[in-house]
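Here the chain labels run A, B and C in written order, and each chain numbers its own residues starting at 1.
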Amino acid sequence: MKNKVIQMYMMFGVVALLAGVAYADTDPAAVNAYAIDNFFLFITAVLVLFMQAGFAMVEAGLNSAKNTVNILFKNLMDLCIGGLLFYVVGYSLMYPGEAFAGGWFGFGGFGISSAAPSEIGAGVLHPQVDWLFQVAFAATAATIVSGSVAGRMKFVSYLIFSAFITALVYPISGFWKWGGGWLAEMGFYDFAGSLVVHAVGGFAGLAGAIVLGPRIGRYNGTPKAMPGHNLSLTALGVFVLWVGWYGFNPGSQLAVVGADNTAVVMLIAVNTSLAAMAGGVFAMLLAWMMFKKPDLTMALNGVLAGLVGITANCDSVTNAEAVVIGLIAGILVVLGIKLLDALKIDDPVGAFPVHGINGVWGGLATWIFGGHPMVAQIVGSLVIPLWAFVTCFILFKILKAAGILRVSAEDELRGLDISEHGEEAYSGFQFFTTQ
Amino acid sequence: MKNKVIQMYMMFGVVALLAGVAYADTDPAAVNAYAIDNFFLFITAVLVLFMQAGFAMVEAGLNSAKNTVNILFKNLMDLCIGGLLFYVVGYSLMYPGEAFAGGWFGFGGFGISSAAPSEIGAGVLHPQVDWLFQVAFAATAATIVSGSVAGRMKFVSYLIFSAFITALVYPISGFWKWGGGWLAEMGFYDFAGSLVVHAVGGFAGLAGAIVLGPRIGRYNGTPKAMPGHNLSLTALGVFVLWVGWYGFNPGSQLAVVGADNTAVVMLIAVNTSLAAMAGGVFAMLLAWMMFKKPDLTMALNGVLAGLVGITANCDSVTNAEAVVIGLIAGILVVLGIKLLDALKIDDPVGAFPVHGINGVWGGLATWIFGGHPMVAQIVGSLVIPLWAFVTCFILFKILKAAGILRVSAEDELRGLDISEHGEEAYSGFQFFTTQ
Amino acid sequence: MKNKVIQMYMMFGVVALLAGVAYADTDPAAVNAYAIDNFFLFITAVLVLFMQAGFAMVEAGLNSAKNTVNILFKNLMDLCIGGLLFYVVGYSLMYPGEAFAGGWFGFGGFGISSAAPSEIGAGVLHPQVDWLFQVAFAATAATIVSGSVAGRMKFVSYLIFSAFITALVYPISGFWKWGGGWLAEMGFYDFAGSLVVHAVGGFAGLAGAIVLGPRIGRYNGTPKAMPGHNLSLTALGVFVLWVGWYGFNPGSQLAVVGADNTAVVMLIAVNTSLAAMAGGVFAMLLAWMMFKKPDLTMALNGVLAGLVGITANCDSVTNAEAVVIGLIAGILVVLGIKLLDALKIDDPVGAFPVHGINGVWGGLATWIFGGHPMVAQIVGSLVIPLWAFVTCFILFKILKAAGILRVSAEDELRGLDISEHGEEAYSGFQFFTTQ
């Protein structure tokens, strides 16, 4: 029995509890620098994990009340199931080190190391905190999708999808860039993941929205808006995501010690802010011109669009360029929402315009404003979305063929909360029956 | 008059405003290390304080709309009244230093010191930030209870209870372990408070639920579920608690400087995450098997259960063990909720299964997986819950005898918001009258 | 074309991307200290930015459901438009350095510098992180007002006002104190902005409430309470603001390295907590005595009042004094709310009692308890509110004269969400038509 347990540990690749490595002779300044950088990554990881709350609130609020439990549940499981799988295999697929590493695929073994670094100092990260930071990014990629497929997908299928993207799709394309694979070697640049994270989620969601088809009644004749049930939650979620992005982008520098690191982290934080602000303002202005009234949902999506657009290049552009990148992102998200309506693709929360279109925009802006090589940026901005779209399209098709992708029309009209979970989100409140 | 003011200060034990101690000769590395460790504890304290928002949202969301103001108010006062009392006496009861310290009881004087440490360096904490960190833990213990007694307890009685637990019950058993009392001397281990904090709250709440009796209609014949009014809030609360737990557990290392401290903090953060994930997944799976549908409330409680279970031992186990601890916690919380139903004990939010049962589980897992001595762990895991249960049971009985424990049936049916506070939480919304 | 772009950059005062300044010879302890202090300010800035979520939730929750989109939108734009303008001109008006600086007005040029400091070490801040911290304060001043004018002001007028206060009103009086202007030279003390931030917002809001007049039906005969639609959101918002205040006050020390800085930061954090707790408890007690029932809204406003009151002096008083300051603040806020009712001034969220009255109280407490010179404190506590009130009063009058200040009675009764934005916050929920 005991042997079995030990075997299990070894299967999960757990090296050992941190042995009491002797650091007595180490330079105190190196010890301090090591503490600061790891503390910095820990706190920014916590901010990124907080974004899960933001996504849950944004997505829940933008859908009807009868699907709230389902949305919240999907977001929770993206982190829980996704996180466990990213522990078991995902992290090691994305960051295999030398093990089996080719340009397209690598695998460094199950689990994650808890061995302390052999030498410490500025910029040295403990493997455990590195995983914490990375798992939050993986969960983000998955959870973007839950909005696109809201209101009609079976819960069990969603869990299969969530496991698939976190354990395989995201880590493999992530390896191409951040793990040192072929896109990295080519010179492709994506600082904090406009493409590696957001476009993966956005295009996976597009595949889901296409294969699932629209919600009943959404595109009978002219597009019929199906308004969200709680914009307070949505606005709260956007504020939380904005706050969380101060982990996402500045944390991606992976170090704050060293005058250049300190400076870049602070520049990133300001650029992130300015792009969000400009995205919000210009999405509002364009929507105001187009629809005659200022629309909160558009402005909120504009903020998120600005944040996605600046993510790849926040360390490479000036403050003024950050404003321009955000401004264009805010315009793109409004046009993108109209485009989906024209194509009769039902993406209930606008996840594709926000994360898909603006993920690509972020990659291109990294060339246009950030000065990174054109060809690599174009290739990366095409290939990563394509990878996510194709692999997820195939999975969604398989789930459809298996007859477990979409709930029945009756269940959809009744709402997924009752039909899938036997639970209401807002017990006691009265609703109009048409919602 | 001035003398009186000075006297008052001395009564509260305030030593003096930080005198401009001369640190000019101090080694710059020591100054830096001191700043980092205190900054670290400050930020983790803020994360733990943020958990108050999480508890408020979890508990409010799981109860009916008519009791929302009451729940929110109790949570707020747990922090406000509890915090003031923990300033006046609680902190000093829990951490008396040498003053009057025996193994069972100690008291170091009123108030808290603001005197700067005589020597600074790595691991040295300013007394003010230590209090900030500790007060957040005290408020947690109190606020767990407000869920167990929801929907039927008089507000004034709750305030008396809240003062009692924060000023006396929690600090005294806390002293036994963290203040250096008899449990500490015995070798009992509870890293961040599965027992010292969570089981105290969970068992105090159990006492309250038993003495109060169930809400009207809850156990007439078969148990009747009384669903929460806002699972969006509850899910938000769980995400916030999860985030806050990155303060609770990693912060309890009390230092991040020094290679070993840095490593342990990061291991703790990952173990905390993995236990939460496993708790969520396995509570969902068990509930799915038992009730045929995946239940969000169970999964959310599973996450919290995993977090409670890992709290005592997060520094002492491997990543894989953290998964196992969380997995078992997730199963225990579902079984615990069924157990309470079988016993007809009405704990509206499942606070006892989450914090009580899994607090004890955390203490035992510290022996089973963490390798700490069996006898001490069993003793501590029995005595602390017993202490909290008995003292609070007596208080609830006294309040009952005084006729101020429970509201009238009429007031209960009408809802505590109107009857106790003359205020509705959701003015303008229409409700079904039965809720 | 390229020239034009360069010109634009220069117009915005962007100096250059951080040149790879050579710090190789720098003392490692100085590099660490620089990293810590900038990291500290970055994280506290993030906490202050998080307060925007808190304000949005507090204000939305305290108003009726039909005005929710409008309130959320105003809060979002305070940060987006306000932030962009604070980037373009506001920051430089408030902190002009030597440029054109007189005691009353200065301007250091458009945009903000991204040039790394020429020398690094403890207490040296990168200009980018300084802006991040300051912009959050500017947005706070603006967003306080959105509550006071809720339910009846046109959105477009609010945007004009928001731009005006963030770009001009707040930075100019801010310069008088924090930029080194005449109030600073006079010896006026306002540590973190009871006056510079909160009283500016509170008195600007008072001007708005007076010029706009009350909401329809609010003061026909006896004052009619118009209860908020979602006290869960309001309570959440208060918890978030409380958490954010740990950035607001401790961060205002601007440095944590150095034993004195470390100590003061920790003292500030505790004083901030104690004042909030005392404010909550004593507002509850007074309201309980006055209205016979404990009122959650009053207690929540009491917490905020305590936080505002301690803001100017949190570094200058003892823990016990912080309790007294919070206690008085809690009493003042209840009396202030009654005072507005007596004067028939309709401030839907109590922003003036919280931020206006208690901003002034904070300034006076800085003299009474903090020991700063009486005359300077009285002058500053009069002049800053007067400046904000008069300038904003004039602007509101101009907007009124232009006929764009207030919506029509029909639109007001229907709710601003539909009339101004064509969007409901809670689609599908049923409401009583009178709300």
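To be clear about the criterion, a residue touches a chain if its C-beta (ideal position, glycine included) is under 8 Å from a C-beta of that chain, and two chains touch if they have at least 3 such contacts.
The structure displayed is predicted, hence computed values, not measured ones.
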Set of chains adjacent to chain A and to chain B: C
Same-residue or different-residue interface between chain A and chain C, half as cut-off: different
Whole-Å gap between the CA centroids of chain A and chain C: 32
Of all residues in chain C, the ones touching two or more other chains: 29, 32, 36, 43, 230, 236, 426, 429-430
Complex contacts: residues of chain A adjacent to chain C: 27, 29-30, 32-33, 36, 40, 43, 47, 64-65, 122, 227-232, 235-236, 238-240, 242-243, 246, 250, 256-267, 269-270, 273-274, 276-278, 280-281, 284, 291-297, 299-300, 303, 318-320, 323, 426, 429-432, 435
Chain C-touching residues of chain B, taken from the complex the two chains share: 8-9, 12, 14, 17-18, 20-21, 23, 26, 28-29, 31-32, 34-36, 38-39, 42-43, 45-46, 49-50, 52-53, 56-57, 60-61, 68-69, 72-73, 75-77, 79-81, 83-84, 87, 111-112, 114, 116, 120, 126, 128-129, 131-132, 135, 155, 230, 233, 236, 420-430
